[in-house]
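Here it is: the structure, laid out below.
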Amino acid sequence: MKEIINNIQEKFKISEVTEQRENQYFISVEKKDTIQLVTYLKDIEKFTNFILLTAVDWIEKGQFQLTYMLNHPSKKLDIGVRTFIERENATMDSAHHLWEHVATFQRELKEMFGIDFPGSPRVDEPFLLEGWDNIPPMRRDFDTKKYSEETYFPRPGRSTNDPAEHMKKKLYPNE
Amino acid sequence: MKIVYVLLGLFIIINYGLLQAGVLRRITARVGKRIGVPFYQPYIDLIKNYAIRSQFSHGVMFYLGPVFRLSGGVGIFLFMPLIFGNEIFSNYSMAGDLILIMYFMFIGMLGMALGAGEGGHPYSIIGITRGLSQFTTVEVPFTLAVISIAIQYQTLSITEIVAAQQGGIMHWTLMTNPLATGAAMLSFLGMMMYAPFNVVNAPQENPLGPPTEFHGTFLGMLQTNRVILGVMEAILFMNLFFGGATNWGILFIKAFLIYFYPVFVGAVFPRYRIDQSIRWFLYLPTALGILAIIFI
Amino acid sequence: MMEKLNIQNIGLTVGILVILVGLWGLLTQKNLIKIVIGFALFDTGTHILMVSIGYIKYRTAPILDEAVDIRNAAKLVVDPIPQALVLTAIVIGLGITALMLSYVLKMYQNKKSLEINNYKDLKW
Amino acid sequence: MAEEKNYKIIQPDNSEENKFLKPENYKREVTAPDGNTFIVDPLNDYFCDAKPQPHAPNTIKVVEKFLNWARSQSIWVLGFGTGCGSIEIYPLMTPRFDAYRFGVQQRPTPRQSNLMIISGYLSVKTLKRAIRSYEQMQSPKFVMALGSCTINGGMYWDSYNTINRLDHYMPVDVYVAGCMPRPEALLAGFMELKKRIREGKGEGANQYAENFDWYKANQKKIIKDWNMPDYNW
Amino acid sequence: MVGPIYIIAISLGTAFSLGFFKKANRNISFGLMFFAMAFVTFISGQWLYAFLSHQQETIQIFTAGFKPPFSISLQMGFHEAVFLTMINVLGLLSAIYLFDHLKEKGANMMMVFMLLFMGLNVVVMTRDIFNLFVFLEISSITLVGLIILEKKQDAISSGFKYLIASGIISQILLIGIIAAYYYGGSLFINDMVDSNLLFVKGGSVAVFLILIAVVLELKPFPANGWALDVYQSATPGIGAIVSGAVATTSLFILYKLLPIGGDAWLLPIGITGVISFLGSNFLGINQKNANRILGYSSIGQVGLLMIIMSLSKDLGDKFEFVFFSILISHYLAKAGLFWISGIINKDEIGQWNIIKNKPGLIVLTGVFMLTLLGLPPFPSFYGKWELIMNLAHSGNFTWIAIILLGSFFEAIYLLRWFGKTLMNNENSEELIVKFHKIFPAVISSFLILMFSFLTARWSGLMSVKYFIPFAIALLLFALDFLPVFIKNIMAIATVSWYSYVLIYQTYIPENDILRIIFGFIFLIGAILLLFPGFTFKGKRRGFYPLVILMFSGLAGLIEARTTFQFFFAWEMMTLASYLLIIRGKNAKKTSFSYILFSMAGAFMMFIGFGLAYFETGSISLNALADVLIYANWVYILVAVGFLVKIASLGVHIWLPDSYTEADDDVTPMISSILVKSGVFGLIILMLSMSLKNAASSNIPYILGWIGALSALIGNMLAIYQEDVKKLVAYSSIGIMGYILFGLSMMSHLGWLTAISYSIVHFLYKALLFLAVAGIIYRTKTRNIYEMGGLIKRMPLSFISVLIGIITLAGMPPLVGFAGKWMFYNAVILKGWYFQGAIVFFSGIVAFLYCFKLIHNIFLGPIKDNHRKLKETSVWWLIPQFVLIIGIMIISVYPKIILEPIGLYLSMYFPGEGLVWAGTTASTSLGYWDATQIMMVFAGMFGVIFIILFLMSRKVQVVEQFNIVFQAERPERPETTHYAHNMYAPYNKALGFLAAPFITNSWEFIYESFHAIGDQIRKFYTGNGQTYALHIVMYVVAFYLFINGGF
């Protein structure tokens, strides 16, 4: 694994390497190098299995962090490629040409975070949010509770409890 | 006057059919270690369906399809002699013979097909095509058996066929022509469309097939037809192969037993795919039918 | 042996030989001119044949002049008909040969070739 | 044979109501075989746009009572599973619970079903389907809702995509509480439903028809791409 | 009368005087030449007239005042006059045709041209063999001269080959003449004939050389590469001369010189003819070059004429008729085709579609080609009939088979060519037709028509009434400029009058049930099916004459009392229907297979009739019953002809495509009416042969199996069709198999089933095709999956189709059930259980396509572009509803047709039939009461309907997409309509039954023919020397053959 990381570092500008486990590393690259690196990992280092593509909303930094998780099936290694993209008009190069199912993840990110992947097949089709006209719900500036209360007719009289507290009170009212 | 007797017969047959259906469902439930529906459940279902308040129609044929279907069922009843030796319950069997009844079954199928077709649901049509496809080969062994018994008795008149079988169980076609009976009873499985030949309206993969869009009164008519048709097909086989009936009691018992047989098979066997079931009837049952003609 | 070796038989033999030579040339030579020559030989052979057939021993040419008395002509001259025929045939043969040559000329003008194998545009 | 296109898509304007229109549903200028052209509007032309009508019960009390009894004894359930509750429905038909005893059967098509069981949380997307199916059922029709999600949102009470109260969208006859209710609870729910039907209270269909506008407004508030006439026959 | 010697004098004089004209005076010189040729033609025509009116004896003209053998003598007799007239007329027409050629090339060419015809004239007239040689040489020199004057490059090389070849031939001839003179002592042909040259020592060689040269002049296959090249490369005008005049002259030489060889030479000549006829026609199949095809055909026809010549003894006094009718047909038609080829000026026959927009040219081409094929009413038809019949009479069946086989080969390439001529034309190249070029062809087609009439009269086989339909057709053709509406009215009036005369005035008084029924189907059906013609716009050129011809052909079938009349009507109907089918847009390929199968079938029938004639010596249709020894053969051969028409299994492949591609209103005509001609023929055949003839009683058993399998395969194929017309077409195969099965049962009930089913099939198949065509008329598509949901737009058409398929499927209470019921009884009584079960199975398979038909068109969601369709035109609906009324009447009361048929049949089948008691029909097996069933059904249906209506009066009518779609929203009708490949599971299960092995095997045969032909023709290397070698080898082989060397 170290060797691979070294190889990568020779060829790409890696800003950060995190060792999660012995066989799981996360490396951070710049946006422009990302797809190149993923391609390199797939073709040269044989991380042929694409696990997931996910995003984290760093609203404070005004950035999304994308993580491409790849897996090396025979050596049982995982590597995560992280990159930051701008939050405003977020776009990222599509990687659907490497694995077909990347398109599905990209579709989801488009739906939930509003990150665009130009060229990705059917990227505009929603999975769940048919007819959604608000900001994408997984962005942290979207207030889901407020939205729900405004939209879905909350039943009056409903109260919300912390389950642990509530059960403790119910089961052991004397303590 | 004839009409009154015919209506009386029809009334008996419908009630008998409903009860029989209830009992059989209960028996099937017991096979699955359930208690099952009450024996009067078919009555209730029927009443409920006729009592549905709102209805819609996709068009004229959708509206008339159930009428055709029920006409087919009732038609078979009308042209079938029920009780041997009883003028009252011989219905209109003087208007036509076995061939007429065989072809009258198609009227109902056509009605169903047209109604379901105008319903416009793709699954209906898939069901219809499957039903028709399967029916083509189901009829082959039955036809061979019919030819065989026509040769045997030198008649196509059902009354005469029944008459020839009177005089004890040894005179039944079952005994005198077991090959034809075998072929016909195998094709009976296909006619009744219980498993393994029920891919036509396979509920799991193809919601109900042809009657997908039918509801309310239309569905009630289809159910009524199903009741009449099932019983009448059992009676047809009873007349042809099991000595007919000289009174209602024997008719009920024989019809029940005959009807029970595909239900029993259906409760035990899984389902064939459509192309399998199309071919199946061309193997063993057809072979039996051919033997029946050769060794008559 | 010598009896067979009369002029007529010699004529016939020569005629047939010339015919065969002509035919051989016609069928084997690839040069158009040679083919025409072959044909001409064939033609000539036929003419020799014709004349030989009409020949009767010890008789003279069927020309009525001082040498041949008109009253005895029938006994003196050879059979005149082949002679007449051969004249016509020569004329016709000449015509055909000339026509052939003009064809060869045209063909040569078109393709600049005298090889008969080059004139197979039309077949099948 | 290559299929020729015999229509031309008309691009919709950018008005609010066309916002969620799929390209399949754009209006089309169609060329008839005789060369004339006309416009097909997939939103309306393919569907019947009549409003539902309430159906009065039989005027003869006894008959109506008898029919209600029959309806209560023959409950055909639409096989439509939402949320986690659908897994609880299937044991109903097994020998252990054997709902057949009560005249309960499953039907695969809404046309022949009387009861719709909403078996858990409904996302907006599922709600749209549930409403379509509900509207395709024929009167009289009943709705049974399972689990707290359908009552008040349950654990999804603050979700951006899950409804909180089912009875704002379709008339509910019986709620079965629990998260999830077990099959026994469902059986109890059936008993309750039967009772209501026998008492003549199972008039959800009429209620829906009478208050159609209200229901539709609630539905449309969250379903923005209904894309068909208001009532789905 | 002008003496024939003037022909020579005038020709020579004019030819030489032409040399005096300057280039500037070309018009004058052409005028002079033309005038001279016209005068020559006049002289020969005058003589011909004199001979024809029996005023004249054969005369001899002695040149130089001596009698032969001392001088050249000419003879002018009837035959000479005929040939001279033919040659000179052709010369005249050629002169007109080559007008601009001759003018361009000037006096030289005119001179050569005149000399050529002068030479040919003398060759015909002369009785001196050397003179013949001289003028033969003159004509071949002039011919080659014409070619060289053409200055076409490839023509020149082929002219050289011609020169070599003809040089060799002439030398052979010359040697032969010399030898003949040497051994026989005379050059006068009459003396040569009298002197039995063959028996003189060495004479046989002389005879051999002379005759082989003459044979070689006729360009026998395979020593004919040189001639083919000339045909291909020379200007078509010259090709016409070669084929029309030179070949005719050569034939006459053979005719003149053949007596020298005596009887011993007849057979070799015949065999030469056979090889030529078969060989060149076989090779013609693979040709693409128009002129070369014509060359092959020409050689083939000459071969045929040689055969006829060699069979002159067998033909007896019919020889002249046969010979001249075929010769004249060939001479006129071939010349005409060459001329047309010159007008079109395209080498490849694929490019002939340039005349697509010139109906006149198409008609001319059609007339010429069909004349060559010997189809009625053209003269060669009568010639061929007499030829075959007389050969049959003398038992020469080998010859018959050869002649028909060769004719079939010829038919293949000519018809394929004709089809290509009518192909759609993409390039818009405009064809310029000059008057002087088309004029000769027009004249020659008129001459053909005139000869058609004359030969028909001369043959004595035809009475005048047979020309009425032709007269009407010609009249309609002349009135082709009228709009469709008027012509349609005229056609309907004609057919109505015809049916009035035939049915009402003839058959009904005679109470001839069979003929009444088929007259009804053929003629009343025709009236009904002509109605949709009103919907057509424009002129519809050529349609109505053909329709009239077709229906009069059908009427002729019913009328026929002799095999000749039958065959004539049969061929006429086939021809007319072929031409009707070929009018369809994409019908060229399929009509080709139709006509090929039909012709093959017709030839079989022809042989069968011949065989019957051989045995009984009578051409009466009734005489078929007396055939005993060859009964099986006659039966099979004639039946094959009918089986082709009803498209039985094995010969069915023409049917589906033909039906599909024909015009929409033609399809019902062929499918419901025309195929019944096969049924009618079978009935006639079986009535006369199977019943009284124990010898052929086992054939119906085979036919029964064929029928059963046709029914199965036809229906099996029908269910997979996506083309609606094709679907109905395949179902026709099935139903026809059903009828065939019924007929071949040879029992009362079987026949009752079959005949009544013929009526019923006519009713519902016409109904279905009309309904379908009416729908296509509106939807403009034939793909069944592109329709759907039309019930709301076309409810009346829906009713038609519904009634049609209920009848087709044989469901009670409609009349289709009658067929099924009688069929069951018949099968069980007959004992054909397994065949019966197959037919029954196929009957159920029919449900599948019935449902497909009605569902895919009318049910399911309507497609977007059909949303605004109107009900189809009233002209399509009127006949439909007449047919529906017909179906309903006989459904309620089938007795009206069944009882008379039963009575009629009991004359032939005294066995068990239907017993009628009131409305109940019964057999010993069962009973059936259509009227009661209908009443019970109607009552029951009404009651149930009323119940439903009472229970659900308030019904919301919903639209197409208000369906349960798994809670989804259907997006497009195309994706919601389950229509395309509807029976995929069935295909998976039983699709092997629908595998196209029959089509494939026919295609394999066809392809093999092509491949073999392709290999064989390779020996035409194109090398003149090789051709010369061919000639030498041919001579050697012939010599060996004659002298028993082989």
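Which chain is which? They are A, B, C, D and E, in the order written, and residues in each are numbered from 1.
By our rule, a contact is a pair of C-beta atoms (placed from the backbone, for glycine too) under 8 Å apart; a residue touches a chain by one contact, two chains touch by 3 or more.
All figures in this text were calculated on a predicted structure; none of them were measured in a lab.
Peer 1: Figure out the least number of contact steps between chain A and chain C, where 1 means they touch directly.
Peer 2: 3
Peer 1: Taking contact as defined at the start, I'd like the list of chains shared as neighbours by chain A and chain E.
Peer 2: Common contact partners of chain A and chain E, which must touch each of the two, are D.
Peer 1: If you count the C-beta pairs in contact for each pair of chains, which pair comes out on top?
Peer 2: Top-ranked chain pair by contact count is B-E.
Peer 1: Taking each chain's centre as the mean of its C-alpha atoms, which one ends up farthest from the centre of chain C?
Peer 2: That would be chain D.
Peer 1: Using only Cα atoms to place each chain's centre, name the chain farthest from chain E.
Peer 2: Max centre-to-centre separation from chain E belongs to A.
Peer 1: So which chain ends up in the middle if you average the CA atoms?
Peer 2: Minimum centroid-to-centroid distance belongs to E.
Peer 1: Mind checking the centre-to-centre distance between chain C and chain E? Centres are C-alpha means, answer in whole Å.
Peer 2: Centres of chain C and chain E (C-alpha means) sit 51 Å apart.
Peer 1: What whole-number Å value describes the gap between the mean CA coordinates of chain C and chain D?
Peer 2: 111
Peer 1: So how far apart, in whole Å, are chain B and chain C when each is placed at the average of its C-alpha atoms?
Peer 2: About 101 Å, centre to centre.
Peer 1: Based only on mean CA positions, could you tell me how far chain B sits from chain D in angstrom?
Peer 2: About 35 Å, centre to centre.
Peer 1: Name the residues of chain D that each touch 2 or more other chains.
Peer 2: Where chain D meets two or more other chains at a single residue, that happens at 48, 109, 111, 233.
Peer 1: Could you pull out the residues of chain B that touch at least 2 other chains?
Peer 2: Counting only residues that touch two or more other chains, chain B contributes 54-56, 207, 212-213, 216.
Peer 1: Identify all positions of chain E at which a residue touches two or more other chains, and write them in rising order.
Peer 2: 861, 956-958, 960-962, 964
Peer 1: What are the touching chain pairs in this one?
Peer 2: All chain pairs meeting the touch criterion are A-D, B-D, B-E, C-E, D-E.
Peer 1: Quick check on the complex: what are the chain C residues that touch chain E?
Peer 2: Touch list, chain C to chain E: 19, 23, 26-28, 30, 32, 35, 39, 42-43, 46, 49-50, 53, 81-82, 85, 88-89, 92, 95-96, 99-100, 102-104, 106-107, 110, 116-117, 119-124.
Peer 1: Could you please specify the touching residues of chain B with respect to chain E in the complex?
Peer 2: 50, 54-61, 63-64, 66-68, 70-71, 74-75, 78-79, 92, 94-100, 103-104, 106-107, 109-110, 113-114, 117-122, 125-126, 128-130, 132-133, 135-137, 139-140, 143-144, 147, 150-151, 154-157, 207, 212-213, 216-218, 221, 274-276, 278-279, 282, 289-290, 293
Peer 1: What part of chain B is in contact with chain D in the complex they form?
Peer 2: 29, 32-38, 41, 44-45, 47-49, 51-56, 203-204, 207-208, 211-216, 219
Peer 1: Mind pulling up the chain E residues that touch chain C in the complex?
Peer 2: Residues of chain E touching chain C: 130, 134, 137-138, 141, 144-145, 148, 151, 153-154, 156-161, 163-164, 167-168, 170-171, 174-175, 177-179, 181-182, 187, 225, 228-229, 232-233, 1017-1018, 1020-1025, 1028-1029, 1032.
Peer 1: Tell me, which parts of chain E touch chain B in their complex?
Peer 2: So the residues of chain E touching chain B come out as 789, 791-792, 795, 802, 806, 809-812, 817, 820-821, 824-825, 827-828, 833-834, 836-837, 840-841, 844-845, 847-848, 851, 854-855, 858-861, 920, 924-929, 932-933, 936-937, 940-941, 944-945, 948, 951-952, 954-958, 960-966, 976-979, 982-983, 985-986, 988-990.
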